[in-house]
Amino acid sequence: MTIEQEMEACFEAGIKLGVLYHQFVGTPISADSVNSLETAIEDSIMNQRYVSDIHVEIEGLEPNQYGYDELGGTMLDVELVVMKDGVTVEAVLREEDGYPLMSIENISS
Amino acid sequence: MTIEQEMEACFEAGIKLGVLYHQFVGTPISADSVNSLETAIEDSIMNQRYVSDIHVEIEGLEPNQYGYDELGGTMLDVELVVMKDGVTVEAVLREEDGYPLMSIENISS
Amino acid sequence: MTIEQEMEACFEAGIKLGVLYHQFVGTPISADSVNSLETAIEDSIMNQRYVSDIHVEIEGLEPNQYGYDELGGTMLDVELVVMKDGVTVEAVLREEDGYPLMSIENISS
Amino acid sequence: MTIEQEMEACFEAGIKLGVLYHQFVGTPISADSVNSLETAIEDSIMNQRYVSDIHVEIEGLEPNQYGYDELGGTMLDVELVVMKDGVTVEAVLREEDGYPLMSIENISS
């Protein structure tokens, strides 16, 4: 395993979290539609290159006066696994200090 | 029923189709994820004010060399029903001459 | 001028506000980038059919610990003019009671 | 410079390109609005953490029958520089074989 391959796998993991966030943030959401949105996000990101696993949870809805909210970044709790050229990267998107932080959890090969 | 109420219902129908289109266009999609994306789009738009029914179909995927496509506007076939103040508007988003045309199908009260 | 033409012009105005909102909400923004984002939103929506004028103002940024915010719907103050088949519709997107309300201001022909 | 720091800088570069792509793809665009959209994309991404430089070019518009197009991924030519903890990563988004490929060009520290 070369260091370059590890860097490229980290790059790919970053791409996927950035895609996920800015594709879906803003989606109208309520308790009734949380599950289908979680599933659709997982399924859509699984289509992308090198994604081997993903788990998405949405929490913290604060419905407005009309009974719904919009998906915000800090509502997302995402665990992503990317595999490229034998390198496995686990990365997460998770609220920390009010910020939707993306970070690498583990790299292995 | 006043004419003003009919105009407002048409305005609301337009909003919903515009929202749907620009929230979801660009989503990575494949044959495996069509159904969950259709469901998530329907569920999310149902959250919005005055939406009483919606049906979304996605067709015409052309997978790239990595086996997926991105949702494009002309892939969407949407039937939407908006009800506001007793006025019902049926509107559609449907490819016509290569353009993703949004139009009003029927207004009743 | 038929009533049908007035309804279609209202429908078109709704589309444009829905497009604008869900295309741009989520964009990273700071005091330094407000002006260029306002201009880009105006220019992009002017491309759409029947849009004859638009003015976009973004207000109320609350920068996070890293000095930026994301464009939220309630930051947007939009005045839009749509003309179709001789009907002119003025519509706005403006925060009201914490909700990013879209409404018709005037219809003339 | 540790290898871990280099990986994190690559991760951050990936995030930014994913964000850019899925925030702006779908935007209505014409020859008249290319420049303001390029500037707004650059300014918005410059807001994000660790971004030290970015250059965006949009090419290859194919206007529809109404005189505009939508921003597609393969129209984007992006050069991005991310600096984190003394590591500099240069990454690009550029059409290759009809695919909007994101890749790392250079890493230095």
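For the reader, a short list of remarks on this structure follows.
The chains carry the letters A, B, C and D, assigned in the order they are written, with residues numbered from 1 in each.
Keep this in mind: contacts are C-beta pairs under 8 Å (C-beta built on N, C-alpha and C of every residue); 3 or more make two chains touch, one makes a residue touch a chain.
The structure presented is a predicted model; accordingly, all values stated were derived computationally and were not measured.
The contact pattern of C-D recurs in A-B, the pair among A-D, A-B or B-D where over half of the contact pairs coincide by residue number.
Pairs B-C and A-C differ in how many C-beta pairs touch across them, and the larger number is found at B-C. Separation between the centroids of subunit A and subunit B, computed from CA atoms only, is 25 Å.
Centre to centre, using the average C-alpha position, subunit B and subunit C are separated by 19 Å.
Centre-to-centre spacing of subunit A and subunit C amounts to 29 Å, using the average Cα coordinate of each chain.
In subunit D, the residues that touch at least two other chains are 19, 21-23, 26, 66.
Looking at the complex, you find that subunit B touches subunit D at residues 21-22, 25-26, 64-66, 70, 73, 97-99.
On the side of subunit D, the complex with subunit C involves touching residues 19, 23, 26-30, 32-33, 36-37, 39-41, 43-49, 66-68. Those residues of subunit A that touch subunit D in the shared complex are 3, 6-8, 10-23, 91, 102-104, 107.
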